[in-house]
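A short worksheet on the structure shown next.
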Amino acid sequence: MTTLDNSRAHELGGHGHHEGSYLTPKGGFWTTVWDWATTVDHKKIGVMYLGAVLFMFFLGGLAALAVRTELLDPVRTIQVAATDAAGKPLLDAEGKQVMKTEIVGQTLARWIPPKDEAKLGTVDYGNQLYNRAFTLHGAIMVFMVIIPSIPASLGNFFIPLMLGAKDVAFPRLNLLSWYIYVTGSIFAVCSILIGGVDTGWTFYTPYSTTTDAEHANVVLMVLGAFILGFSSILTGLNFIVTVHKLRAPGMGWFDMPLFIWAMYSTSIIQVLATPVIGITLLLLVFERMFRIGIFDPSLGGDPVLYQHFFWFYSHPVVYVMILPAFGVISEIIPVHSHKKIFGYRAIAFASLGVALVSFLVWGHHMFASSGELGATVFSALTFLVAIPTAVKVFNWIATLYKGSIALTTPMLYALMFLFLFSIGGLTGLPLGALATDLHLHDSYFVVAHFHYVMMGGTIITFVAGLHHWWPKMFGKMYNQFWANVGAWTVFVGFNLTFFTQFFLGTQGMPRRYASYVSEYQTLHIWSTVGSYVLLLGFLIHLFVFIHSLVAGRKAPANPWGGLTLEWEAESPPIEHNFAHEPIVTHGPYDFETTVPPHWNAKDYPLPHLPANAH
Amino acid sequence: MTTLDTRSNPLGADVQGGATPGWKRYIPGHHWRTADEEFDACTLGFWLFLATEVLLFAGLFVGYTIMRFKFPDAFTNGSSYLDWRWGTLNTVVLLLSSYTMAASIRAFQLDRQKQGKILLSATFIFGLVFLLIKFTFEYTPKLSGWFIAFDPALPHYASLIDGQALGGLFKHVEGYGGKAPGQFFSYAFSEDPWEPLWWSIYYCATGIHALHVIIGMTLIAWCFRRAVLYKAYGPSHYTMVENTGLYWHLVDLIWIFLFPLLYLIH
Amino acid sequence: MSTPHAASPEVFNELDPHGMGAATKHSHHIVSGMTLISILMILLGFTAVTVGAAQMEKWIEASLHYELPRWVNVIVAMSIATVKATLVLMFFMLLRFSNPINTVVFLFCLLAFALFLFFTMLDLGTRGMINPIKAHQVEAGGIGGIRAGWRADAPIINQAPVVFWRDRKIAAVGIERYNELKNILSHPHEGHGTTPVSSGNMSINRPGITAGLFNAVAPAPHDDHAPHGAAPHGAAADPAHAPAAAPATPAKH
Amino acid sequence: MLKTLTNNMTTTLAEGPTGWWSYGWRWFFQNFGVNHNAIETDRLYMIIFWICVGWFIFLMAIMMYCVVKYRRRPGVPAPYSPSHNTRLELVWTIVPCFFLFYIFLEGFHVYIDKLVAPGDSLQMTLTAKKWDWTITYPNGAASPERTLIGPDSTQFGGINKSPAARPVPIFYMPGDIPVHINMISQDVMHSFWVPDFRVKFDVFPNRYTTYWFQAKLKDAQASNLKDSTGKDVVTAQGEKVPFIDHFIFCAEYCGDQHSEMLGIIRIVPMAYYLAKTEEWNIEGKSPEEIGKLVFQSQGCSACHTVDGSKGAAPTWKDLYLSHQPTNQGSVLADDNYIRESIYTPQAKLVDGYPSNMPVYTSAQIDERRMQGLIAYMKSLSKFASSTPAPADPAAPAPEKK
């Protein structure tokens, strides 16, 4: 490992050697707040994104729990004995018990009683609450949590560090994109506060252009998503330029960590697909406000055109969600099994391949609505996605072979990812095949499938990455035991919640149903119980992290023995990341030939050295 | 420099002491090795941004294609109400402005400050002319039926003029207005039931394009201001004016396609 | 960042193994003034050509009474526009002289556009749609409710605006005056050749199956399988509501 | 089919699933072989399922083996192995391709079966609107039968369904012959899904989509149809009527009562089907009878009651020629008002009720049916034969239309 003095660092008034951690407060409370609010430091922006995303995750999670709780009990009409004011049974003239009809099972309606008393106990009111809850859950989780989760928080923090750069290419743009994200989220939250949106996160026309016609909530939510698109574009644009222009000396394209490759592919999709959702949502707003008719059948427009517009963005964006997860896993598995990743180039090209193919398959969301030729072509192309994805999974498992696997929390999560994502990926096959999709489309099977991919893939990996890099980000270690307990709880809760839903789907339970036929109830109850276990698991993680921040042991610079450049920086990194500009002399995963930076046997033993070496 | 602090802007710091032109005082961002690298990165970043702009319009073009495929006659009918002469004039105006923009960048590259500023303002004025034509000669008559008296399209309708305003500067043609998008369409003499859809596409496409013209003009004005105040652009540093130019050319590029698609259908 | 500007540290360029520095040599190309002027002239020339071609097509149709296929107009106009756009990109936007990566970015963006257009057309272009054979009446329902005017409380008309306003105008001024006005207004430019024809009745009623694809049977929605045929429903052809109002039928020229 | 719908909880066909892949289908599907397409779909699904299980176990087994065998132990060096092997990588790129191609082909094959109806199918039309289905039979009749899928349902005792006891339509269909439905929506998008047939297709407001099925009745273990008193229904020939019910679900989110937008397809013998549709044919019926049929078949009965009890919409009992308080002032519910309310429901909204009456077109309710509805309302109203109800003195005078 050689380093070269960074002459620019010297120019900068000798900040280089003795500047403090980026977390060091700059002064009093308000000074510090102002410093963070106006920072252009990618690390601080990454942390701010992390906070914002976690908050939105909390909101979206609440909505999910509301949805699950409502489904605990099918809504049903029952005859109950009427009572008088004193609570005594009400009898009619002949002395017979008077019966009355009551609707039971509307949990949300009991919690949030309507302003208008007359609506209490009506089907519509209970359903409206449910519809708003699942729309809220979907819109928040997709637009405000999963899309920015790994790219904007971990990506922002670690891309420059992994490239050996001082910052992203356009730091001010980076800050701007955070503010745009916050603005978009505020729009969305406002739409909830003034009554909520019941369109589903897909905003399908003509329903979305006609529902709640007298209110502005749908427009607000759509504008929120539109604004969030800008944030996504700016982040992606920034990363592409950073990767092109700011690699450390010595770092060729194939010396980049695979996380960078994944983020690069992600950014390409973000830049190329997001503008289309921009114009789509804009046209939707015009449609709602001015009835321009492009998506409105009564004026000659076409709802299927809207679906094409929408999925041209929203399918690639599925890979915006999952590709960063691939990147994180490609980091965690080699580091924690201390072995060079298997098939580096295959994984790198698979990332690009997924990015390319993602633009060819959006029509598989529309098999039930699309024309026959379109459906057939899209089905054939859809299976193409499986190949690069499968290659990646094989590579990760092959990496484990003959490694030295430490079951740390991040690694545990990575293994869980392999388990869950395999299920998610494989259940994509019956959805990609035309005949079976006509049965499974818009059923709970789809719900289960994409939760296995989006949550089992992305959110689980987000948490894995957070555990992997937490010591680097905040300079504190966390309690591994309790973190592992949390991980197992999440795993159990997750499978309980979503595995049951595969069976619901094949048996015929449609999505977005506020009430259902009663034989689905058993599975729904299991699913709901699972969601509570999931909540418990995330709460354990929350407490582990809080404990770590308050009372955690100070983290060493390289707690896991990683070889990528971020482990060369201090924990937490100094304000300009590196005291000297690093020069890359080894590959990111050359564990066999390289002693990791800051190696210290007290912190962690190297597998190929005896424990008492050093 | 990890804090957003306008005072650290090297150009802003020394407004009064204008002895050294701004472009010479420019220091690249702390994370760049050389100014050239920063320039290259900015250009790449801006091209990526332009790609997003193109794809934004792609949605409109796809919508146009599908709708024209579905209702070809609505488009032919609708298009016949557009005057190709105004469209052509606007195309010429935008092409000229593109030229002046490119020439102004060239002037700044050669440190011809005065020429650069003149060309920049010419570009701005061309943009203004474009918008004026768009709004006064195209949108207004179609929406309201009010023509400006010297509009060459008007003499043909002289027999239908039923009102005047501002001492004859504006003239109203009976039944001409109401060619609004979607449900606001109220033109009574249309031949095709789907004509409102054509107007929706027309107003969305030209409206969003006009919005881009306005944004471009704002950028040009900002460049002009910096050129006047700080001599901000010169041979070694002209990133902003270059990228503004790219943006402006993109606006031109979109129009190059919109023009035949909207005006020259028959 | 208040430190004085220092000369570029050349040492980094030597260590730069990917030629990142080399690319910057392209960056500061200065296009000659002559080139710019010539490009402008060519662009203006092409504008004249595209307008001329369109006028020529109109002239051919009007004087030779030969209707050119629809694609001629589109292909000619789009080809010329593409040439113009390429010129702008290469010389005004300096793609020819700048880092090739910028060109790659732009080509990828065009590729995405092409995919978007191609697959959307592939689907929507190959299936039948119910274009209301009765252009007359808009399908009512949750998506109907078209209002007669700008105001939010304007009455709902449940009719194509085109038809509603036409009928209203006829009621206001009488059919003679209406036709008179229409005659003048629908020839906006003198010398305009053909009269546009309504597409209101040209839609093919196809049963939602890609025409000609897999049609072991092409089930017609209104065939006479059953004694009464399919019941009238939806936006289907409904004889009772075929354009009945005689004055409402657009006067053909 | 879902077991709630039939008294017989294990309705299956004689031909059960066969083949290695069929093991475990009961985990996923409640029944098997309602028709050819369903059998094929289940077969394909189970084949994919077992392929997936094979791959999954294979991968997870290797993973677990590695995790256990190569766990980190202090002082034990990692054995290491090459990080690249072109041949292996090619193999695991190409082998899945074969599986994928096979699945695509099979999926395509069965898809075509689901798409293309035999030429001799029975043609029907379906209209979907928020939140109801209407199927029109070839003779123009529509099914007026509805049932509650709830505890107060006489047909299916004790099933916990149907919020607000909203009655869902029953569509009688002949068994063992192909039925071809042409679908259109009145308002937003819906999706017609009969889980038992394993097919769904979206229903659009601006283009027809089609749906076909051939449900088996002969070979299935069907129950016999009973009337409301629990006695077997018998045909004119004195035969019992076997039937099998299948749920219809709306699978495309369409608003507040999306989850209540159900229906039942009841497969009965051809003769009984013909008798039923003839019974509902409006030809040769009095206006009042036509009105009653329309009331039941067009979904009016989902919200309006005829016995004076409060529903989601004003009751028709004593509605005709009564004074209704609306947002446009008090209105006399005469023929014109009724007509307007059906074709343009938003014009005048009766106070205290939500604005969710669907718009009917004159294609759905033609003049004859409209007259029928008015006649039916007349027969329900006490004001019809006498003088109009006295106007509410507090309300302004009824508007002139």
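We just call them A, B, C and D in the order they show up, numbering each chain from 1.
Basically, a contact is a pair of C-beta atoms (placed from the backbone, for glycine too) under 8 Å apart; a residue touches a chain by one contact, two chains touch by 3 or more.
What you see is a predicted model; the values in this text were computed from it and never measured.
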Task: By count of C-beta pairs in contact, the leading pair of chains - done: A-D
Open item on the list: Quick check: how many Å separate the C-alpha centres of subunit A and subunit B?
Closed with: 38
Task: Distance from subunit C to subunit B - Cα centre to Cα centre, in angstrom - done: 20
Task: Whole-Å separation of chain centres (CA-atom averages), subunit B against subunit D - done: 52
Task: For subunit D, residues that touch 2 or more chains besides their own - done: 115, 187-188, 205-207, 209
Open item on the list: At least two partner chains per residue is the criterion; list those residues in subunit C.
Closed with: 3, 9, 12, 20, 101, 108-109, 112, 116, 120, 124, 127, 129, 131, 139-147, 160-161, 209, 214
Task: Sequence positions of subunit A contacting 2 or more other chains - done: 8, 12, 206-207, 210, 244-245, 272-273, 276, 291, 296-302, 304-305, 308, 372, 375
TODO: Please list, in label order, each pair of chains that touches.
DONE: A-B, A-C, A-D, B-C, C-D
TODO: Spell out the residues on subunit A that touch subunit D in their complex, using ranges where they run on.
DONE: 74-79, 101, 103, 118, 122-124, 126-128, 131, 198-200, 204, 206-207, 210-211, 297-298, 301-304, 337-346, 368-369, 372, 375-376, 379-380, 383, 386-387, 390-391, 393-395, 397-407, 415, 418-419, 422-423, 426-427, 429-430, 432-439, 441-443, 502-503, 506-508, 510-519, 521, 589, 591-592, 605, 607-611
Open item on the list: Show me the residue ranges of subunit D that touch subunit A in the complex, using the header's touch definition.
Closed with: 2-4, 27-30, 40-41, 44-45, 48-49, 51-52, 55-56, 59-60, 62-63, 66-67, 70-81, 83-85, 88-89, 92-93, 96-97, 100-101, 103-104, 106-111, 113-115, 149-152, 159-166, 187-189, 191, 193, 195-196, 198-202, 204-207, 209, 247, 249-260, 312, 352, 354, 356
Open item on the list: Looking at the complex, which residues from subunit D come into contact with subunit C?
Closed with: 112, 115-119, 121-125, 127, 129-130, 136-140, 142, 180, 182, 184-188, 205-210, 343-344, 346-347, 358-364, 366
Task: Complex interface listing, subunit C residues touching subunit B - done: 1-5, 8-9, 12-13, 20-21, 23-24, 27-28, 30-31, 33, 36-37, 39-40, 43-44, 47, 50-51, 54, 57-58, 61, 70, 73, 77-78, 80-81, 84-85, 88-89, 91-93, 98-99, 101-102, 105-106, 108-110, 112-113, 116-117, 120-121, 124-125, 129, 131-132, 135-136, 146-150, 160-163, 165-166, 168-170, 178, 181-182, 184-190, 192-194, 196-200, 202, 250
Task: Residues on subunit C engaged by subunit D in the complex (per definition of touch) - done: 127-130, 137, 139-145, 156, 158, 206-209, 214-217, 219, 221, 223, 225-236, 238, 240-241
